[in-house]
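To keep things clear, I will list the structure first and then write my remarks on it.
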């Protein structure tokens, strides 16, 4: 990089401070006397190997960051976030019932799902569109992905506990009965087995 | 000007693209590995003779046009609103004495400061409240900001014009302290010469 | 700029509004002595100030109270400096004079510092940042987290919420009236003596089921009594209820 002369310094400063690319004429109107064009080519050479380049776009000149620096200007930052209750329930329904339409998910959940919920699951890479169901309206269905299995440490969807397992684990207790059991306490086990007998 | 290495190129590009001055840490978060500080000093050297300079303002670094390029750049730009005399003096007192209370500012100026004066400086982003002084009444103190350093082109408060001389001359000490020093120290000469004049 | 104002005698005479307080006026007057502030004559300065304020009043300009307070104080200082020393008076007039001189020095120092600050190459006036920066972007990506337990529990919760009726019926331990009538009729046929109703209940029933069986068996006893197939006996309310077949 040669030591810049005064015209080069002025051209450099004017282009740097400019809010838009400038023509040779516009630069000249700021800098005054001097060979603007020669200064521009000398500067373009100087900046060639640097992180900043002086480039010509049509009739206008401007500074820009070098093309191979783009990845430094963009920084990805990952922030861990816990999946919401709606998201977890929706994901569970898809996993147990796939392929499943949005309407079916809503009917199983008994609550409408917001668009954002499916977006989040899609963004997480856990669900994917899985074709359309051949019924009126041809609704889209959803299914889980390999990333879903990986994240939850499952070899396949068959590893998900079945309904009977869930019941045995007390995870299928209807809300009111579960509450009753929690209150009465001691008879939890008996009620379970009696229920089966009756 | 040495050919830039990859860290220098990256630092150069990041600072060039940034919309505001950046700390070494912020630069590092974009650039990744490498000695950011060494790259900054090398770049500051490279750009020293150019129309664009790399400068440190407080803890932050940025590119700006060289001071002697002002006459090429000033045209058709609006002059920033001129600060009143009261505003200028108040800003100087805060900068040279910070942190400083309103009462201390008033005692140096010998006049009350109108509410508007501090507001204008605050609005310009040049001063900020800097905690309370632990004396009766717990008065609020004021200090200068990063934007103050940016605007007046100061790397740090140590670069305030003449601050070392003022401190050495005791002109940043309160009157009471200065009076004590004058009386206890070289008071023979002082009193005599003063006496003559009076 | 400041000097220009101070040197302009006409303006000095007339424009009291232009001063940033009495200390500012004193400083401007001190500078007319054209010596270092350390060398100024305080007495001369006092004279200048008093003359200035008098001049303003003669022109019927309104003089703000703090200028008059300063004038009074300076008049006192002047007489104290001129009169023979009274060692009893503290602080001494010399100290007061010096205090004034120190204050003027400090104000002057800050005024000059302010002027030097303003004369620097200033951002947006002399120095410019890049006019059109590309900007740095930080793209925040969420890394979504959920545990397998959360997933399974969620499914259990959904299932429980949406199929409550089925489960409530299945889970509730109930002995129907028909079952009770059959049981009680059958057991009566095998017995000849009075027996409490409790002996008609399943022996190893859980408490919940036992309650249901008791209620159903009681209703069954009433129904069988109505049909004349059983006699009932009870001494008093809540006393044991005895049953005996009629056949």
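Residue numbering begins at 1 within each chain, and the chains themselves are lettered A, B and C in the order written.
Quick note on the criterion: a contact is a pair of C-beta atoms (placed from the backbone, for glycine too) under 8 Å apart; a residue touches a chain by one contact, two chains touch by 3 or more.
Chains and their UniProt names: A, B = SMC-Scp complex subunit ScpB; C = Segregation and condensation protein A.
Because the structure is predicted, anything quoted here is derived from the model rather than measured.
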Per-chain CA centroid nearest to the all-protein CA mean: C
Relative to chain A (SMC-Scp complex subunit ScpB), chain with the most remote C-alpha centre: B
Centroid spacing, where centroids are CA-atom means, of chain A (SMC-Scp complex subunit ScpB) and chain C in whole angstrom: 33
Between chain B (SMC-Scp complex subunit ScpB) and chain A (SMC-Scp complex subunit ScpB), distance of the C-alpha-averaged centres to the nearest whole Å: 43
Where chain C touches two or more other chains, by residue: 128-130, 134-136
Chain A (SMC-Scp complex subunit ScpB): positions in contact with at least two other chains: 13, 16-17, 63, 65, 73, 75
Contacting residues of chain B (SMC-Scp complex subunit ScpB) [partner chain A (SMC-Scp complex subunit ScpB), same complex]: 1, 3-4, 8-14, 16-17, 29-32, 46, 49-52, 63, 65-66, 69, 72-73, 75
Chain A (SMC-Scp complex subunit ScpB) partner contacts - residues on chain C that touch it in the complex: 128-132, 134-148, 150-164, 167-168, 170-174, 206-209
Residue ranges of chain A (SMC-Scp complex subunit ScpB) in contact with chain C within the complex: 13, 16-20, 62-65, 73-83, 85, 87-89, 91-93, 95-96, 108-110, 120, 123-124, 126, 151-154, 160-161, 163, 166, 169, 171-178, 187, 190-192, 194-195, 197-198
For the chain C and chain B (SMC-Scp complex subunit ScpB) complex, residues of the former touching the latter: 2, 20-24, 39-43, 66, 81, 94-95, 97-99, 102-103, 105-107, 109-118, 120-130, 133-136
